[in-house]
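Each of the next two complexes has chain A plus one more chain, namely chain B in the first and chain C in the second.
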Partner chain A sequence: MMMTARFLRLTGTSGLILLACLAAAAIYVPVANQFIPETSLFHVSTASVVVFGKYLCFAMLALSIDLVWGYCGILSLGHGAFFALGGYAMGMHLMREIGPRGVYGNPILPDFMVFLNWEELPWFWHGFDMFWFAMVMVLLVPGALAFVFGFLAFRSRVTGVYLSIITQAMTFALMLAFFRNEMGFGGNNGLTDFKDVLGFDLQADGTRIGLYLLSVLALALMFLICRGIVLSRLGKVLIAVRDAESRTRFIGYRVEHYKLFVFTVSAMMAGVAGALYVPQIGIINPGEFAPANSIEAVVWVAVGGRGTLVGAVIGGIGVNFGKSYFTGALPEIWLFALGGLFVVVTLFMPKGILGVLSQWRRKTAPAETAASTAPRTDEKAEERA
Partner chain B sequence: MNTLSKELTHTVLYLDGISVSFDGFKALNDLSFVVVPGEMRAIIGPNGAGKTTMMDVITGKTRPDVGTALFAGQHDLTKLDEASIAQLGIGRKFQRPTVFESHTVRDNIVLALAGKRTVFDTLFARATEEEADRIDRVLDTIRLADRAGTMAADLSHGQKQWLEIGMLLAQDPSLLLVDEPVAGMTDAETVQTATLLKEIAKDHSVVVVEHDMSFVQDLGVMVTVLHEGSVLAEGSLDRVSADERVIDVYLGR
Partner chain C sequence: MARSCFSILQRVTLVLVLATAFLGGPAQAQSDSPAELISRLAGADFRETERIVEALAATGDPAVAPVLEALGEGDLFYRRSDNAVFIARRGGAGYLLTDPLTGADAGEAGRREVTKVRVNNSLRRAVRSAIGTLTLQSPDPGVRMAAAEAVLKSRDPEAIGSLDAAIGREQNERVRTVMERARAAAVLNSDASDADKIAAAQTIAEKSDQEARAILMAASNGASAQLGEALAYAVRQVERDLAMWSAAQNVWYGLSLGSVLLLAAIGLAITFGVMGVINMAHGEMVMIGAYVTYVVQEIIRNHAPFLFDLSLLIALPLAFVTAGAVGMAIERGIIRFLYGRPLETLLATWGLSLILQQVVRSLFGPTNQEVGAPSWMSGAFELGGLTLTYGRVWIIVFALAVFAVLVLVLRHTSFGLQMRAVTQNRRMASSMGIRTNWTDALTFGLGSGIAGVAGVALSQIDNVSPNLGQSYIIDSFLVVVFGGVGNLWGTLVGALSLGVLNKFLEPYAGAVLGKILVLVFIILFIQKRPRGLFALKGRAVE
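On to the complex of A and B.
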């Protein structure tokens, strides 16, 4: 009983609904893919399983952005970089897994290195043949970049729009760097033609369902980790920093340490999202570092509802679903439809989809105090202080 | 030297020859004054006299060009950052009430409560009964016990000011800096605030910056008059208001 109560407190009402939906999706999609005949309306094709898996990875990215932006007020427009770095770390492992099965049949060197007439493996490719090493790098590389970047930025008290701009610059610089062949990450084409992971064929239905389930699990876990952070006293300090940074400093908190902590944790989460994305999609290239990607991910969070976590997941899945739908249904004008959606949300739903939902719920059940931690719309207090 | 150090250990705050300039404008000009333990001091002065800059120097927000600023006779305030100074025991109330709007009144106090401030301490912090008692006591003092669960954003202007004072109390500093606590308050609120500050001054040293003369009168404490970044006069309100120079720059207008 105690455990249940504590778990309920951890998830919150909307979080519980989210987890239930994730559990339902975890059961339904594989069953519908394997056991419902293709002719049925309820069948889920293997291609769709991959697409759903992709949405889940985007939801994780959105969640990681909401943790820093929604709760600590750090508007990162460079989170795509952490996502891509996690993806590259995974991609490097998958490249090494190909072994002698590549076009050139070189047992050690990936095809693109043979093509560039390289004699031996660059030093930073060593170790990636081991799965565990690659997994450590998935966390460590984005985490280390975020730590160093954050250490310098937060120590110099770079905040607000200036911070957003340098995060954009960071992801842009990385994109340019990764485009270069000499960097040793496959240049323009990136890493692709993966064969298998841990001996499982990446093209097989079973592997795809497995990766999908892993994504569901990772998303659920990340959600719980975020809730744990947000509900702790540290979470209260984060909100305090978001609402009145100098006040927080003057009552004795080292604001930069808190920012650094949450920024690093968030970057690692984005890295995991990227690492799950790559084997499902089958390719990672420098395009993932594009500044527009990071901005788009921030839009998902805004659409879903900033500072709610659940909203970020809804936004990450919902907007991408809408994007896929519009590309199919309105191929000519889908970009306008998507743009229109953003305009509508910004104008009429400043607190996002979840904000509208909780407002509607409050109307029906006035006693409930919902979404109390969501940031207030007037954020002038800090600027004036 | 010996007499100086002896003198210093008897001060809470010791400012000597502090000068600060911004782009050639001298905000503080050879400012010196001393606050002794348990004292409440009112600082008055016209706009631009350097009151807020002085608070910035004491709390580590601004570094002085020259001068000495010591806390409790031994901590060099010009070398520490805001967080360390706050942890040493200097609390600051802003001119505009600054509270954490999307936290409840109680959570505002929880955050301010004296205690460990590192990332890992707060990540695994658990609310204790002793803490709860301290919070209740603070809430009683600032007369917000019945609003403990209210969002700080929903408080009135005066209540926000009190909440901020309450946060300072929870911090349990040995020196409180209070910047214009009654600006924008109703008369009734002003009187209540004076009572509140007097109560606080019983076991804390307090420096109050204020424009409102009748409020300073209510406090009935020693007054320091600032003008153009340095001390113009010091003494009881009656004495300084009789001072010719003070009348010229400030009171007489």
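On to the complex of A and C.
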């Protein structure tokens, strides 16, 4: 009983609904894919499983942005870089796992290195043949970059839009760097042609469902971690920093330490999201570093509702669902819709979908909790797909 | 002193050479006409051919040049039946023959009917120098120039004599300079005395380029101690000059890039720097300006082609008005609801930039549009060791002019005064009777309009596509932040110094890595001075 109460406090009502939806999605999608006949309306094709997995990864990215932006007021326009770095770490492992099955059949060097006449593996590729090492790097590389970058930025009190602009410059610089063949990350084409992960064929239905389930699990875990951080004493300080940074500093908190901690954790989460994204999509290229991607991810959070965590997940899944739909049905319209979304959300829905829903709820049925209806939209979005 | 002696000596030699040429020339030409000499080529051995080539060169007849060229290329043949010499090219069943001197068509010949006039390497060299001698005296200055440059390249000592003759007769200053240089290069390559060679080295070092360096370096192989020293000195002189010019060229490229950055950032210095509005759609204002230029040029091309040279001047005010109007609409429609919420402004204007891009893409298509350069912007000129293109010169001038106008508007007009008043203390300005809302809209319109004007200039050096603005937005923000927000002079210094820094890094790091290094530099710089190069001090900061 104690445990349940504590868990409930950790998730919150809307969080509980979100977790329930995730659990339902985790059960329904594989079952519908494997056991419901293809002719049925309720069947989920394997391609859709991959797409759902992709949405979940984007939701994780949105979650990581909401943690720093929604709760600490750090608007990072460079979170796509952490996502991509995690993806590259995973991609490097998958690349090494191809082994001698590449086009050129070189047991050690990936195809693009053979193509560029490289003699041996660059030093930073060593170790990536081991899965555990790659997993450590998925956390460590984005984390280390965020730590160094954040250390420098927060220490000299670069805040607000200045921070946004230099994070954008960071991801832009990384994009230019990764486009270079000399960097040793496949240049323009990035890393692709993956065969399998830990011996499981990446094209097999089983592996895809496995990765999907892993994404659901990771998203749920991340949500709980974020809630844990936010509800702790540390989380209260973060909110204080967001609302009145100078005052918090004057009270005696080392503001930059708190910011650095949450920025680094958030970057690691983005890295994990990227690492789960790459094996499902099958490619990682420097385009992921494009500043536009990072800004788009910020808008998912704004759409869902900044500073709510659940809203970030809704935004990440909802906006990307809309994107898939529009780019398929009306490609001309998508940029109008996305651009309009930016404008409308900032002008009329500063608290996002969750904010609007809670307002509406308060008007109609004041007794019920604010955001409880929110995840239902999310569920609908998934079912429609 | 030594120099003037040398030139007197040179002149004396020239007179002598000329005298020989005038006295001896006609006599020789009578005995051996070019046609007769050519006919003797049939069946001649190498040594005989070489003598004929020299004799041909000595005739000074420009008509001989194509014959010598054909000989050098191995296109000179003679007919076995009558030993007549022709220039032959493959064609038809065998060869197409042309008369060597007149170039007239001389019918065809089977493959077995003609024999090639054989040449070897030493003969080819002789042919080249003979052509050089011939062309050095051509009536066409362009040909003489090319011939002098050919000698400069070959450094053939054999050419000294003919060069001396040519220099004496040369009226054209520029051609003579090259000839003298070529002569000096040939002297350095010959076995002339050290004194001559030292004088020649000085002549070479007068114009500092890579070629001069190569000539001097080549001459220092096996040179005596005294000569070696003189050569080494000349090489150092050349290298110093070269380094200076290449630095100057880098500064120029840097200023050119900096002026582009300045153009892109200067409107932002108003909207972001003065008003504090993060306008991510700023790049799209630049793009709108570029598209206005495109539309103006299209209309002019179709209806009034004679106005084409004025197209940019016509486009300037139109671009200013169009982009300014769009900017004011954005301010009234969106931004004014978001004052004091910079992060939201950033997102909303980013969305706006997506919409504007898509609008342009829908109207004009996603491909690059062709924007031509008016005649006064094409071409280049040389300034010392620098090559300056007119387009770049105009863009630098234009960027500085826009900057100057903007400073004047802010400083010396009542609008500028109101603008500064509103940004410094909105409520006080309002109670003084300034319509602050209107001033906000106008200020934003001004910043956007200037971005549009920048677009006209950038249409000349960049692809006019819907993505034009995106490539400038990050750079522009960095320039403004680097220079110091709220300070126009900071933007100027920031843009130019970033441009120069970029171009100085490029030779060492390559273009892309140079850019990355600059980005890293700015990121680190902002850590050190979060408020930029020229930070505002005092109350205005908060």
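What we mean here is this: the second predicted complex is superposed on the first by the 362 of 385 C-alpha atoms of A that agree within 3 Å, B and C clash if a C-alpha of one lies under 4 Å from a C-alpha of the other, contacts with A are read in each partner's own complex, and residues count from 1 in each chain.
By definition in this document, a contact is a pair of C-beta atoms (placed from the backbone, for glycine too) under 8 Å apart; a residue touches a chain by one contact, two chains touch by 3 or more.
In this text, all values refer to a predicted model and were calculated from it rather than measured experimentally.
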Partner chain in contact with A:G340 - chain B first, chain C second, else both or neither: second
Partner chain(s) touched by A:S164 [first = chain B, second = chain C, both, neither]: second
Chain B versus chain C as contact partner of A:F172, first or second or both or neither: second
Partner chain(s) touched by A:V298 [first = chain B, second = chain C, both, neither]: second
Which superposed partner A:F7 touches (first chain B, second chain C, both, neither): neither
Residue contacts on chain A - larger count, chain B or chain C: C
Partner chain in contact with A:Y104 - chain B first, chain C second, else both or neither: neither
Chain B versus chain C as contact partner of A:G252, first or second or both or neither: first
Chain A contact footprint on chain C (complex, rising order): 278, 334, 337-338, 342-348, 350-355, 357-358, 361-362, 470, 474, 477-478, 481, 512-513, 515-516, 519-520, 522-524, 526-528, 530
In the complex with chain C, residue positions of chain A that touch it: 75, 149, 152-153, 155-158, 160-162, 164-166, 168-170, 172-173, 176-177, 179-180, 291-292, 295, 298-299, 302, 332, 335-336, 338-343, 345-347, 350
Residues of chain B touching chain A in the complex: 59, 61, 82-83, 86-87, 91-92, 94, 96, 98-103, 107, 110-112, 117-119, 122-125, 151, 153, 167, 171
Contact footprint of chain B on chain A as seen in their complex: 229, 232-234, 236-237, 239-240, 243-244, 246-255, 257-258, 261, 372-376, 381, 384-385
